[in-house]
């Protein structure tokens, strides 16, 4: 099948770019490094949209690429279905805009080629996690993404960054250990590592103690990776200490790819989501939503506040997916997309403030609207979006999640979602008031608006924020509905994959 | 520089190192080249190759080891090795499937057989050997800068 | 079964080290012990009774061998463990440079 040939490119392109940049970065000017990495991430974006077109045209629900020509379940395969494509588009939009933003922003750090090397390795890991159809391969890509993100958090090598990175690395490694043991158990139980084959074997076998045990291990592992509330301690440190463009990447897509996507893929398509697992997911989601937003209210460090909101918004996503109904999953995935857009935008804004005014403390800044009009405008859009003000994308996804809660009879969770949304609004009104409104301080008279590349990234993201609600229109809804179908079909994933293999 | 008694370990260690370091390197290369026939392969052989350089560094101090393999060269070789491995996989991509073994596989249990596997082993051993050496070097340099 | 339980015990020793120890280096050692325990567990899963090592050699026919796949996977996992350990150790050395201590109770500039 020729269409499937684009699937390995999502791993090949960033991997090649990473090592190519690390090889030539020392000999050429940093402008050329920018151009190479910009081109590479643009290519990835094109391919992810192309995948959408290919998937729309072909009759099957999944495309399968057999690595080395080996037939699954014996060889490793890569799968592109609705959910993978949805995630690929999300990740690569953010990655492209973050690379554009980094042209200017990363100037203050000394070693730009090393930054791009680590960045593209992280992108390799994320794209790999999304496209792979093999459980152990997923673990390997997950570790590639995690290890590069540990290094990226410590990129500035200041005391705080090192401390955050150490904490993040230890927590991440413990999470990986749990995931590895879960994979080992599943392999011992089913004698296969291919996710589709595993789903087939597991549905044929009578249920016993192994599946709940593995569920608990995966819940702990991926819960740590996606920073759900009892496991969230590393996130505010790591995400607020990293350079802003990396924070945007970590908060925007990394926790969703490594945490929520892997969790949803394994629980819905492989193990089979039982009622217990779903109710645990819903509870953890609601808990993260409320606890993190309350913790966020008292923060004065802008990036730390945003990091706490990431936990809270991940709670919405997990709550939506945990409902298990098609409407709930639609809400969860739509919120995942929206959150990656507006949270990246908010982190890029905080980076822009840091770039111009050299501060992250909300009490220090005041009246920046006059000097940074683009940053202030895009920040207003993103803040309204995250708080769920009607015409923007965040409103629609939160509405769908709340409706799905009510539809399934979980009035309490619906209420929690509303309360968390109101508290989010309160906390972002604080950001607006202290950072952008009010009188301009004396020391900020001389600051200038950020360079055009940074403006371009922020304005693009703000545009997607405004237009995001259009994804629910019938002509665009295939983008979300294909992804929802994959999750709500559950173990029919195996049929889709093997159907595509045998063709 | 190699015989300076102030740098590195004692004379006994230095003499033994001088005798064994080449053998260790050769053993690593042997393991890499026979990776498709016997236990071992790219990673194990690469670790042994790296250990021969680490051995040199421990016995004679870091300057002697750095003269054989400088920091920038190590970093470049590591990227080249990764690109080599990727391009071996890419040959397969254009000749059928990603990572497919398109070269003639030859007779089993011969040194020149198994298609792309020995080539991949070579790339991996270079990557692992140089990478491990670079990790050790980075830790040594960190230690040095702390002491100043 | 006893062997699996011993693996679990080893894993718990590592986890105890990560969670309870205050010295950065001891935490890293705990992480290492956890990694060994999980690799050992995976290798043990692959063992077949009276199986021999899955190496094909000339003029030999292997009738019963242990499962070769986990051995390849564990090798990958060891490499990942190596990378994590190297990275974490270099971060720990840098932390020692900045804070002058390995004690995590004194490394707490990030609060809130």
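For reference, chains read A, B and C in written order, and residue numbers begin at 1 within each chain.
Just so it is clear, a contact is a pair of C-beta atoms (placed from the backbone, for glycine too) under 8 Å apart; a residue touches a chain by one contact, two chains touch by 3 or more.
Note that the structure is a prediction, hence the values are computed from the model and not measured.
Of all chains, the one whose Cα centroid sits at the greatest distance from that of chain B is A.
By C-beta pair count, the most extensively touching chains are A-C. Inter-chain spacing, taken between the CA centroids of chain B and chain C, is 23 Å.
Remark: chain A and chain B have CA centroids separated by 36 Å (rounded to whole angstrom). As a whole-number value, the distance joining the C-alpha centres of chain A and chain C reads 28 Å.
Residue positions 94 of chain C each touch two or more of the other chains.
Chain contact summary for the complex, chain C toward chain A: residues 11, 15, 18, 24, 27, 31, 34-35, 38, 41-42, 45, 69-70, 73, 76-77, 80, 83-84, 87-88, 91-92, 94-95, 98-99, 107-110, 112. Contact residues of chain A toward chain C in the complex are 136, 140, 143, 147, 150-151, 154, 157-160, 162-166, 169-170, 173-174, 176-177, 180-181, 184, 187-188, 193, 236-237, 241, 298-299, 301, 304.
Those residues of chain A whose C-beta lies close enough to touch chain B in the complex are 8, 12, 15-16, 19-20, 22-23, 26, 65-69.
Listed in rising order, the residues of chain C touching chain B in the complex are 53, 55, 57-58, 75, 79, 82, 86, 89-90, 93-94, 96-97.
By the touch criterion given at the top, residues 72, 75-76, 78-80, 82-83, 86, 89-90, 92-93, 96-101 of chain B touch chain A in their complex.
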